[in-house]
């Protein structure tokens, strides 16, 4: 099956450089200190942050910074075919360590010595770009928890299909295209790349094309996330009563 | 960056590394874009490869089994390849089991992405009988010593092992459709058909990502702000890029790293090829000799091979040979040794791994660390013994100019094995 | 909540019939139910009881029946407690809880060990006796934990099974009688069948403080009530379909009787409310279509 | 005593003839071959071996021992239960190759373990061994019906044998509903055809329920009758 029609449209009718419908919300769960959901088309991810709280576990005592721990799970019903993945599954572990690395790079952990921050991410519906969506949800939850971070971090996935770079791959495109893909997360204000995971065979220039598209994608996602966070802050400010300057 | 490694490296060490780098100096005397000495040893029966990258040592063994193909769509005519990376807890001083298992998983994933998913191995060529039997390759990568740039060494070992691998020939009888696997004695084993050669190049990044070093030592990894591993093939195509450690990089910085990496793999690939060439020549020579000699002669050679360990003259000669090689050390090499002595504390890691490695899962491979250059330099030694040794294993070492390190290693080895 | 005083306050509230959020002993928190929330499932529902939130998705697949029951379908239950739901669910902590709740759901829906006398007609899930039947996977996911999880899960399960649409299968016998007949799935939602879920019970969890039973405990109340908790599965007709005691304290037979009576009184009301919600939403969807 | 056949023998079609069960019991009668003994495992702090005809269970108690730090600190003591089936315990040998079946078996064993824990804990004076753990290891040698009930009785005996302070012994029994009739202490064949079941564990002296579990649709009269039956009949068992 052709992923791009002769008119240059994708299977779901998008143009190559078009994001899917993006929806996100913060403060969605009652128990967590920070929580968020992030939807990208049919992909839906929810994240919760507990902490910073007094160090948990043996190894984290006496640290000079906060210990960031991550857990990642995919609901059994989230894919079109029912599949229960164990916590030790390689795909789970891969995303988990990516989340952890990326958050470590973003959170100003040295400001919270001797604490633990738990970030839990749960995929509710999986339709491609799970890693990026998870990272976005996790970041929103971290921001919602009021944890100091370097900058707004946004992630997206891009790929190359029939020599055309496309933005925000869905499940079908991820599976069908054997072409290269790139998952990238960046600090949108500082323009610094935090996660760069490319795979597939491509010339060096291909990497550059993909990276440039991904940069644009991250900026767009970041913009949406910023507005959600700002809205939430406004709401909180209103709930507090009139602001006196 | 990683607390476990941090604790194994002092703060002073880290500061020093960063400062020295500002003057383009590294603690082992290399320039920022120099790779360490690579050594590639190929087992006699082609089943495995041991690779050394500086002190990082990795072994890769490939097994091939006939299996039924995967049932899901379109895979009926394809063999399979899977990877198992094993980073034992004994490997590094900073051993922390969770961290190591994360390493294992990261490397496995990268091997899958860059070797399996980019179609290095022609899987369709592994099909014996569509829908019934295909070859299933399993690549076992065992890390013997971790002294930095583990991913690079793993890729080097895996690719060398894939290139050296020979699987027994199998044919399907047209009338009965029985599958016959031919013994290597009857039919020449078949090499894998490989489409391209991806190799990994790891960089450690310092200072906002502007300073970088290739092929970092473990200490440099600990001192660095982040790492980028680029997997590139010899045609300059990027197969995977992985950023680690979370140092924020600009797009230009990432692209710079990728470009530098693309220029570096040819060298490593050439070394694999050289190793393979020497290996196959030696193998051929050994076979010719085996066929020329009578049965009695072969038995004698075999006996000599068994006595191998107890042959003092050769070991002395070997080290003499190394010293002869090192007789005219270049100024750079001299400098290298000086720096090493001044800056590097005595190695805290346990002495080198024993050189006779008997670790193939099949339990059959014996790798013996015998330099063929050493063998060449010993015209007086018993012909039989040398023949047996050449037949036994091969070692090629490229980059002869840097013989200083080799010399000291040879001395170590003398006490270990001979 | 950790302090002793707070715990005692909550326990006394239950004993006096006046709880921290103003409810009496046998009041439920507001219940919200939403059907067909997971597009990739054959049936799904989300249930909120107060702040507790669960999601149940049902998926069906064609598979072989169990050896002992060749002409029945198979229903599997699993419950995952997402660590997002509560800080206590971190790591492997929630695995046992999830398995416990899944077992409880299974017992209350399917009945005894032989899956007979349960509330589902498993024979309706048979496609070809002895070789093909539907396997129904009921997967629960706890999204936010604030007490009464099993209650919420059972309600969502009932709703999700009501929502369940099983595709029609066309069986075309192959030419060779030795071969398995071919089975084709009909994707058209018009032709899909639903399952009779009207007899599925809901679970009412009761606790007692000083002899007074109470339902729908919040997480704080659960932590404060030292007494035993009893999960009673009750169907629409008020019959008890399952019973399970939890907690380290023993239970008087009389107290149990009283709890059962309360459960039998509340259960049918709960079922009715669930039914009303389901019908309204299913109806709304049909009109929309 | 005849033993359960290991090949998949046909299940009997009729369970009752003239009001008597296949093994000659009346509806409300326990199995006759009841055998209880203690001190069956020499290394354990306490142990027991219990037979109810074909249901054979061995329980060993270890501890109290220091509670592991990994599980956090508890002021009171804890019981940790483990139930496992011997490979030859059931009609079908335990599957070792099939992963799906193994995980199913594991899940079942885990479930039984947690139920055993619920049934025993109320009777044990946890305060008498603070911050410590008592391990209850239960092996079902032969599964001949009412396994959990028999295991509970055996575990209570073993706890007493180990000298763990308890309020009372715990006795347990199962009742199966087959058709409209309630069968006490069902065998595997009877349980196979049940429409519902009830497992009740109590401390007989104090008449306190430690665990109750019911599955299948019951009218309240049936349920009441069920636990009246079981509670009444449990008295002599203890």
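Per-chain numbering from 1; labels A, B, C and D assigned in written order.
Operating definition for what follows: a residue touches a chain if its C-beta (ideal position, glycine included) is under 8 Å from a C-beta of that chain, and two chains touch if they have at least 3 such contacts.
Listed by chain with UniProt protein names: B = Exosome complex component RRP45; C = Ribosomal RNA-processing protein 42.
Just so you know, these numbers come straight off a predicted model, no measurement behind them.
Visitor: Using the contact definition stated above, find the chains touching both chain B and chain C.
Guide: A
Visitor: If I drop chain C from the contact graph, what connected components are left?
Guide: Groups after removing chain C from the contact graph: A, B | D.
Visitor: From the centre of chain A, which chain's CA centre is farthest?
Guide: D
Visitor: Of all the chains, which has the CA centre nearest the overall CA centre?
Guide: A
Visitor: Consider the two chain pairs A-C and C-D; indicate the one with the greater count of contacting C-beta pairs.
Guide: Ranking C-D and A-C by C-beta contacts puts C-D first.
Visitor: If you average the Cα atoms of chain C and of chain D to get two centres, how far apart are those centres in Å?
Guide: So the centre of chain C lies 26 Å away from the centre of chain D.
Visitor: With centres defined as the mean C-alpha position, give me the chain B-chain D separation in Å.
Guide: Centres of chain B and chain D (C-alpha means) sit 58 Å apart.
Visitor: In whole angstrom, how far does the Cα centroid of chain A sit from the Cα centroid of chain C?
Guide: The computed centroid separation for chain A versus chain C comes out at 32 Å.
Visitor: Please compute the C-alpha centroid of chain A, do the same for chain D, then give the distance between them in whole Å.
Guide: 49
Visitor: Multi-chain contacts only, two chains or more: what residues does chain C have there?
Guide: Correct list: empty.
Visitor: Among all residues of chain A, which ones touch two or more of the remaining chains?
Guide: Residue numbers touching two or more other chains: none in chain A.
Visitor: Which word fits how the chains touch one another: line, ring, star, complete or other?
Guide: line
Visitor: Going by the touch rule stated at the top, which chains touch which?
Guide: Those chain pairs which touch are A-B, A-C, C-D.
Visitor: Using the touch definition up top, name the residues of chain D that touch chain C in the complex.
Guide: 107, 110-111, 114, 118, 121-123, 126, 167, 176-177, 191-198, 203, 206-220, 223-224, 227, 231
Visitor: Can you tell me which positions in chain C touch chain A when the two form their complex?
Guide: 38-41, 44, 51, 53, 55, 57, 59, 61, 78, 80, 82-87, 90-92, 137, 139, 141, 143-146, 219
Visitor: Quick one: which bits of chain A touch chain C in the complex? Just the residue numbers, please.
Guide: Those residues of chain A that touch chain C are 29-32, 35, 42, 46-48, 50, 71, 73, 75-80, 82, 84, 87, 118, 120-122, 124-125.
Visitor: Which part of chain B faces chain A closely enough to touch in the complex?
Guide: Touching chain A from chain B are residues 3, 102, 105-106, 108-109, 113-114, 117-119, 196, 226, 228, 233, 236-251, 254-255, 258-259, 262.
Visitor: In their shared complex, at which residues does chain A touch chain B?
Guide: 63, 90, 93-94, 97, 101-102, 104-106, 150, 178, 180, 182, 186-187, 190-204, 206-208, 211-212, 215
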